Every structure is written in C-alpha cells, then in structure tokens.
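Next come two complexes, and both contain chain A; in the first it sits with chain B, in the second with chain C.
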Partner chain A sequence: MKDEALLKEPFPVVFRRWMTSAGGITILLTIVVAIIAAIDAGPFIIVNTVVTGGMWALLSLGLSLVFGVMNIPNFAHGEFFLIGSLTAYFTFNPLRLYLKENPSPFLSAIAPLLGIFLAFFVGALLGVILEKLIFSPLRKRSRDQWVMNSFLLTVGISVVIINSVQLTWGANFKGIPNYWNVDPLDFLGVNLSVDRLAAFLLAVVTLIVFWYFMRRTQTGRAVRAVAQDETGALMVGINLNYILSLTMALSAGLAAMAGASLLFIFPAYPTAGLKPLYVAWYVVILVGLGNVSAAVVGGFIVALLQTLTSFYVGTGWEDVIPTAVIIIMLIFKPSGLFGSEVKGIQER
Partner chain B sequence: MLEVKNLNAGYGFLQVLWDVSLKIEKGEFIALVGPNGAGKSTTLKSIAGLVTPKSGDILFKGEAIGGTPANLTCRMGISFVSESLNLFTNMSIYENLLLGAYTIEDKQEQLDTIDFVFNLFPRLKSRRNQLAGTLSGGERKMLAIARGIMSKPSLLMVDEPSLGLAPKLTLNVFDALETLRQGGMTILLVEQNVNTTLHITDRGYVLEQGQIVLEGPSKELLENDHVKKAFLGI
Partner chain C sequence: MENNAQAALSDGATGNGRFTALLNATGISPTGLTMIIILLVLPFIPPFNQEHILRWLVSAALLGAQAIAFDFTTGYINVVNFGFAAFLGVGAYTSGLLAVNLGLSPWVGIFVGAIPAALIGFLTGLLTLRLRGIFAAVMAWFVGLALLGLTRNLVDLTRGPMGLSTPTLLNTSSNRPYFYIILAMMLITYIVLRKIIGSRYGLAFRAIGQNMDAARASGINPTYYRVFNFTVQCLFAGWLGGFYAHYFGILTPQLMLTARTVEVLAIAYIGGRGSLWGGAAVAFPFIFLIEALRSNLTELPGLHLVIYGLLLVLVMIFYPGGFAAFYKRAVAWVKGLRDR
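What follows is the complex of A and B.
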C-alpha cells in the first residue's frame, strides 16, 4: 500500500524533504547566517539573539495560541507585557530597597523570581477577567463577523489599559538597574549579565513546560482540540468556556512573564507594550497565523534579524528590516513560512 | 431511556422539526430514516445539545435535557457521531481517542477502552500514530465512531455512517455497530440507506418534512407500501 510505504520511509529521505520545505530552508538559513555573523562580528550576536529570542518566543506563542484557539487577533497583547513589567516593578523595587537596608543573600537571589512569577499570575488573572467580562458576552450575543469585532475590542482594551496606567502611575519610566546585582559572567568572550542568562533560562524552562502541557496532558490536548474543531470538542465533553478562559490566561500570563523578566531592559511606562506587540505580530505573520510551535522558531528568527540590523545598519532600523523581510516573504509565501496548519479566517 | 415529546426545533427563523416524538428503550437499535432535508440530523443535534429546541421535551433517563449544552449531555452518557465527523484533524488517531475519553478521569479505564476500540477496528490500531486528517474516508468514519464510544456512552447516535463510503466499507461500519449493540449499547442510527438499515435495526421511525410519518418494527416497515414506494423503489 502506498501510504504504508510512506510511513516506513527512512529518516534521510524525511530529513531531505523537510530541508527543502520553506520551514526547513528558513531554519537552516537562520542558523548559517547566525554562524557567519558570529564569526564576522563576534559571538555576542548569537548570545543576544538567543536571549531576546526566548522572550519573543514566549510573547508570540501566546498571541498565536489565542488566535488559533479563540480566533481573536489580539492587539492588546502588548498590554499584558506592560502589566507584567509593572507587577514585577512594584514587587521587586520595594524588596530591592528593603534588601539594601537588610542584606540577605538568599532573599536577593529569589526576589526577582518572586516578581516574575507574580507577574505571570497577575497577567493570567487579567486574561481571565477580559475573557469573562468582554469576549464571553460578545460570543454569546453574536458570532457574526467575530474576527473583526474581537479585533476592534482588543484595540479598545489596549487604549483603556494604556491610559489607565498613565492616569494611575504617570508617564515616567519605572525601571530597575538589574535584578541580580552580581558581576557579569564571561561567556565565549562576551560579557553576559546574570539577568540575561536568567531570562533565557526562564524562557527555555517555560517553553518546555508549555510543550509538555500541550502535548502530554489531557487539558492541553483539549486546548488543541478546541482550536481544531470546536463542535468536535463540545461533542467529546470539553467545557468550552473553561478552555477559552484557560487559553486567555495562559497567553496573557506568558506575555506578562516576558515583560517581567525583561524589566531590566524595557522599563515599564504606559506605552511600553507597543514594541513587544509589534514584534509578536512580526513573528506570527512571518511563520503563519495560529501555528504555535512555529511561533517559537519565529521568535528566534526575528530576534536574529533585529540583532543583525542593530549591529550592521543601526538601531533605528530595527523595525524596518524585519518588516521589509515580512513584506518580501508574504509576496512569495502568503500563508507564512511554515505553511498553515490553521484554516484561513475566511473559511471558518 | 430516551423520550422525545413534541419536539420543535430549527435554525434561526427556519423551523425544521414539527412535533417530533420518539421513544427509545434500553438496548434497542433504532433507525431514523427519511429523505434529504427531512430533519434527521436536526433531531440528533437537538438531543445531543448542539441545537436548542424551540419547544417540546427531551427526557434522558427521566431527566429533561432539552437545551443542555453538548459537553454536559456527553457527560450524562449521550454520544453523538456527526455527519461531518468533527475529528481533530491535526492530531493522531491515538490522541483523538484519548480526547474521546475526556470525560473519563481514570487512566486505566481510558487505556482499556482504547484496547476495546482497537479490537473493534483493527485498522485503526495499525495506524495509531497517523494524523486523523490524512486518513481515508472509511478510516475517518471508523475513527469518529471509535471516538464516540470512548466516553462509554449509554446512548450512541450515529449520523449517516454510510455517506460517501464504498459498499464494502459501509458493511464494515454496520458490522461494528451490530457488535456494539450485542455488547448492550443503545444505538440511534440515522441513514439514507434505508434497505440495509431496516434489515439490521429493531425498530424504525420515518421522518418526512420534519414530521414522523411512520413508526414500527423494522421488519414491518420494510413491508410497508409507502416505504417500499418512496425509499426502496419497489
């Protein structure tokens, strides 16, 4: 039988086919470019790419998840990032001042983590509140033009949050010099601050936990089931409202966590969420909407593009080059680099 | 076990079902036949909770379930295998089956049911890691039915299992239903393939233009003049 033969294909054949697919070419190309740039400019290119890439991956993962499961193009995603960095600031800063008076090595080692995890829960809570208060009533009322309506709602939510933050805490920058006040490590001749290393490790651990949750637990499977067939999910007894709230909570929580772990680079101020929002959208448009695992790869690709641009061309071009790449890519492959696992919104 | 009384249902302003009543006892194998657009699928969807009835009662094990959402009717023991199957196409057969057992908490019970289902459809076992979206039409039907019985339902409703299948595969599917019924499951089968259906079921209802026009033991329905003329072409 033909398809049984396909199943038993030897690994090299499968690998060669993967390599010649758009996704495979992109990943290989990215790795080659990263290596060449590292040889030319220095290994800090790879270090920087990997550190910011991890956080972009967390952000775009959540954006992609919400689009895939709930069909919401979320333009308030950056505000979850903002809420995360605010939470971390207001948790960590008092602790930092307290530690200056009463030094305690143990507490100063875990204080940042405290802020970051609290940010995850505050973000997740905000996600649930938004789902219950805004999206759920709209869903009950009408599902016509859902994508457009929910898009407009998210833009509105974004404006409301930005202005409430400005009203409450003012427009000044709320940042911290660093999370862990220790000397930077020497890594491949690059000065790598502990903060950056921690941000990267945190991203990796979170991605692994998230992957395990989605692939190996019944609840994670249910989330994917809702993304693939909502009626089918109902028919096997999945509580749709629970899964939708959970998805929103996860997405918002991951974004808030990214905001919190990057507080030492991106201080919190009312419009701090806009740049991360744009980056997350670059990523999901580049790899294809709703494709969650590809969003992780895309996070690193966009991070590399940005690092290269700021080194070779100039920091001011950081948004220009990725956008140009996306425009060129869309001309040749409109469904995104990694094809589309998800149907177009028009087909739903 | 299931009793539908004067059910009126439809979509928006369009009413499809007019005073439909039917009754199913435990262990029965019931056929619901009728031409295209008669409202067979709507009847099943109303029972499953995917369509909210306008009026009328649906009693399942003595409880009124009209308008209960589908995820709750599934927990109560009603399993619905829809015409469009609603499989999770980007997941493997195995994952689809695991999700079918979503309402069952016990891990061991899930695995036992999967074994049972694989015995019923050995073809699925050999392809357990293949994505549901890459299966052939017959395999998809088998998977949908298999997923439907993963929740260990007391009532299984199957919508048009023969649609788009080669005659030989249709027989496979019907054989599987027969096996399930011998295992004591109550089955409500909707079909356009009237002849075969009435041969394997106990009792039947004939639905035309949203109304039950005939009901009785399947053998008698096969002899009925109206059924012969309208469906069997004799």
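What follows is the complex of A and C.
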C-alpha cells in the first residue's frame, strides 16, 4: 500500500520529502562525512567502510528479520557468525593444504566459495535446530513475556555455544592468511585485496537475492505477512511453523555467511561472535528495531563510524563512541533513525 | 505469601509470637533462619574451615547477594539489567580508586562507590525505561560495554588490564572474617529489598511486571517505579562491588565482562524469579559444584559456563519457577503427607 502511494506522486516530490526526513538526512550526512574523511585521511576509509559495512549489513539484516518476524531479540546472533567462520575454516583449510600439494587454478578459485556456501547451510541448519528444539517448546508452553524470555534463552544458547566451541577446539585463533592468493588490486591508490572485494561483492549479491526473495516470491511475502500479523497470516493459510523455521534459518545462514566471508579479517575463536553481535545490535537500535531494509543502510553507517573512531580516536574506543551515539539517539528519537516497524516502542 | 504460610507452620514449634513477628518483619522464614545459622557456624566445621573452601563460601555469598539484587529487577518489574557486572565494576573501581589515590578508608569507600553506580543506573533507566523492556536490557548492555572499554582504555587512571591493586578491608590473611562481612551484606541486601517489595512500591512493581496496561489504569506511573527499582538495584550492585574491590585486592576490567552478568542471571533464574531468596539459596551448592568441577577438570575450561547456560535454557523452557517453585511444591507435598 505504501509503495502504491509513493508511485502516485511525482518522483521529485517523493525524493525531496525523503531527503528531509531523518533517514534521508542521515544518509546524506554519512556520505558527506565519508567524503570529507576520505579527502582528509585517504580513500582507504571508504574502502574499509564499504567492505565491513556490507557484512555488518548481512548480520543486522538477520537480527532485524528475526526480531520483526519472531519477536526474538537474538543474543546468540554472534554465535552464528562464529559457526560460519568455523565451518569455513574447517572446509577451506584442508582444501588449501591439498591445493599446495596439487595446484589447480580452477579449484583454488572455487574453494573459498565452497567454504562460504557450506557455512550458510550449516548456519541455517543450526537455526532450524534451535527453533525446533528451543523456541518452539517455549512458544508452546507460554507466550507470556515472550520477548524477555526468548532474549534470556538466546543468552543461554550463546553461553553454551561459546563454551562448547572452547571445550572442543580450544581457545586458539583459527585463521587463514587469505582466501585468494593473488596480488592485491590497485584501487584509488589503495591496495585492495581480492578477498575484500569478494566479500563486498558477495554481500551485494546476497542483499539483492534477499530483496528479490522478500518482495517478489510467494514465500517471501508470507514471511512479511507473518511479521505484520501472525494471526492474520494463520487465517489465510500460511504454514506458520514453516515460516518461523525458515526465518530463523535465513537469519542464521546470513550471519554464518558473513562470518565465513570475513574469516581472513576475523579469525575463528570462541568469543569471536561477541563483536559482530554488538555491532549488529548497535545497527538495529540505531536504525529502528525490526526495520529490515534500514538495517542494510545502518550496517554501512556503523562501519563508517567505527573506521573513523579507530582512525581518529584510537583502537579500543570503538565501543565507547557508538554507545554515546546511541544514547543521543535514544534521547531524541527512540524509534530509531528510520523509524521502527515494530509496534509499541513506547511501553504502553 | 509463602513466608506467612511457613510462619504459621512454625508457630507451634517456636511458640513465640514476638519472635515470629520479628522474622516476619525481616522477611526471613524459619527455614531461612535455620540456613543462616548453619552458614554462621559452617566456617568452623571441617572440612569447611579450610582457607580455600572459605574462599568458595565468600564467592558463593557474594554471588548470592548479587542474585538477590538482580532478581529485585528481573523478578518484579521484568526488566533485565544486562550490564549488571559493569555497575558492580563501577562501585568496585570507585571505591578502589578512592582508597588508592585519596587514601579513603575502604569501609567508607564501599558505601561511596555505590553512589556513582546508582547514578549511572538512574540515568540509564531514565533513558530507556519509558521504552519497552528490551531497550533497557540492550542499553544497559551497551553502557556496560562502554564502561568496560573506558576502564580498559583509561590506563593512567585504572591501570587498565594490568590491574589495580587495592587495599583490603582487614589486615588478615584469613577468609573467615570476610565471610561474615559478606554474609551480613547479603542479609542486609535481602532484608532491605524484601522491605521494599513488601511496601506499596513492591505492589506497584508486581503490577507493572504482570500487566503494564492494568497498572497504568490503576494510576501507577510505570516509568517512575521502574526507574526507582532499577536505581536501587544498581545501588546495591555498586555496594557489593565495593566489597569485591577490597576483598580480592586487585581489580581488572575482566570483572565487568558480560559473562559475569550471565553468571548472576543464570543463578537468579535457576533460583527462581520473583522469589528474591532463590538465587541466594542455589548460589552455595552451585559454587561448590562448579569449583569442585573446576579443580578436578582443569583441562576443561568453560565447562561450568556450559552448565550454567544449559540449566538456564532448561529452567526457562520447562520449569520457569526455578528452585523457589520447586521448594514451594515440596513444602506443600510434605504438608499434604502430614495432614493425611
């Protein structure tokens, strides 16, 4: 309905209105800040922002989706990231050793993608298992105070996964030097490694596929219907359990994929998921709880904020500055920069 | 409510109305009193009089006290303070830094340290508690992370990860006096919070926790009561942090990690939300179990956290009342047996 209303008005009017909304101003401001910083410090700022931003977007998207559809504030989201990077490590590392013995250009080009896609499926599988094993029983028992209870459940899950990983594989770092062992490209005078470029392209492709799935397919529409009104969705014959499992699988899969694609920057170790987790939460609170499309933009905004903080203020301050930004945010616009699609931000 | 039932149960046994009235006033049931007396003599009974076991007792009482304070918010207004450990850390660092830099006596510092913790809690609450509960949880977590980042980065002040050595409360190497101090602090925490719960405020908390709309319709201002509750919790967290600083004698930013909050949270939930005493009751057997595991299975670090996490999940799904509900049921069952 919203889309139809937009179509009726001439594009410049819509565009001007959007540019003067909080969201439009933020995006404009972000781009301006990015350009100023790039002129001041060098174009690597933009490169770094865009590469990590794409992956933060995938992560926040999943977090936002699960909150919007299932009403679960997922604290174990970072653990999907961890599982993804572990899967990629254990797939890619043997392959890499094998390739050292018998070089094959085709296989070495395809091996990283193998690891990344496998990570997606392992993550999705974990998501389904968690939904069937944990959230579904809780949903059957009681829906009282669901948000808080499911939040605490995910806390428990996160603790169990982190420490099981530590028990099984120890606390050492499991990383790889790079996915594609080729010379870095020269881009705007910055050395851009192929891994980073691939991570960004992968994020873009995934986002497009995801957008297509949500907007243009029957199943995607069903997911959005459940997000809007669960009872209504049940009434028109949507298989609720299937949609809930699918949502969890998608969210977990995207997070795992992000973890796998960034393995060359973030090695896998038990608490590797913590940082991505709170980045995803920063993004989601910043743009508005449950607002899926805004989460994508938010991913890039937060990535810029982090890059700027670590360059101008120093590493180690990346947690302090975004928290300050969020505090300001909550004072003036608690529903988030782009507004929240979840009903009842204010406690009624 | 269960206190009344137990008080009535024990009336015949003690036969002393005034004593029962005193117990009712403090909110401690006769069973609870028995447990406290056992705890009081425990440090003299072998094997509990060994120093390392006394250390376990101190940590258990500290954890129990934290769980009581934690349950005051989670169990009643249904808001999770996910930065609890950081608020405790604020109290610990304030007290420790005052003692190190200004030579303030730790005995005073413990109480002074509670003030900034309560203040930060008040501001966090003011900011988020008008919104849905999840905002408060996530925001408290962010504030906790920011505080952790600050203590790590302000190396000139806090000495960062190198650790700040703080003077201890007492000039003794024995853990026994510390145990009595923390036990007293735990009891004070319990009695004060129980008093608040028993008052008009407690009624408002429960109303808000159960049904916000109904509470508002009855003329309760949810934001006011929630902020009040949250601030009181942070005050106690800071106070207990002061003890932490002057018992261990060393402060590292590690103490503010989210994992610490999760530990308290798990104990509070396993003990039973909305009971206050449940967390303190399970803290003792738990710490003993976990310390025994840790000392026997040194090659498996983090096993205790897996147990915490699994129990938290299981309790949340299958037995939401926790130990307190189990106890209540057991008492009712025993009573049923006797009446038959």
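The rule is simple: the second predicted complex is superposed on the first by the 335 of 348 C-alpha atoms of A that agree within 3 Å, B and C clash if a C-alpha of one lies under 4 Å from a C-alpha of the other, contacts with A are read in each partner's own complex, and residues count from 1 in each chain.
We take it that a residue touches a chain if its C-beta (ideal position, glycine included) is under 8 Å from a C-beta of that chain, and two chains touch if they have at least 3 such contacts.
All values reported here derive from a predicted model rather than from experimental measurement.
Asker: Between chain B and chain C, whom does A:115 touch in the aligned arrangement: first, second, both, or neither?
Answerer: Once the two structures are laid over each other on A, A:115 reaches no partner at all.
Asker: Where does A:276 make contact in the superposed view: on chain B (first), on chain C (second), on both, or on neither?
Answerer: neither
Asker: Using the touch definition from the top, say if A:253 reaches chain B (first), chain C (second), both or neither.
Answerer: Neither partner.
Asker: Would you check which partner chain A:331 touches, where first means chain B only, second means chain C only, and both and neither mean what they say?
Answerer: A:331 contacts chain C only, not chain B.
Asker: Counting only touches as set out at the top, which of chain B and chain C does A:290 meet: first, second, both, neither?
Answerer: neither
Asker: A:62 in the overlay: touching chain B, chain C, both, or neither? Say first, second, both or neither.
Answerer: neither
Asker: Between chain C and chain B, which one touches more residues of chain A when both complexes sit on the common chain A?
Answerer: Chain A has more residues touched by C than by the other partner.
Asker: So chain A touches chain B in one structure and chain C in the other; where do those two contact lists coincide?
Answerer: Chain A residues touching both partners: none found.
Asker: Spell out the part of chain A that touches chain C in their complex, as residue ranges.
Answerer: Checking each residue of chain A against chain C gives 73, 134, 137-138, 141-142, 145, 147-149, 151-153, 155-160, 162-164, 166-167, 171, 270, 274, 278, 281-282, 285, 289, 314, 316-320, 323-324, 326-327, 330-331, 334, 344-348.
Asker: Would you tell me which residues of chain C are touching chain A in their complex?
Answerer: Where chain C meets chain A, its residues are 78-80, 127-135, 137-139, 141-143, 145-146, 148-150, 152-153, 212-213, 216, 222-223, 258-259, 262, 265-266, 269, 300-303, 305-306, 308-310, 312-313, 316-318, 320.
Asker: For a test of understanding, state which residues of chain A touch chain B in their complex under the given definition.
Answerer: Checking each residue of chain A against chain B gives 3, 7, 218, 221-222, 224-225, 228-229, 231-240, 341.
Asker: What part of chain B is in contact with chain A in the complex they form?
Answerer: Listed in rising order, the residues of chain B that touch chain A are 48-50, 69-72, 74-75, 79-80, 82, 85-91, 95, 98-100, 102-103, 130, 134, 147-148, 150-151.
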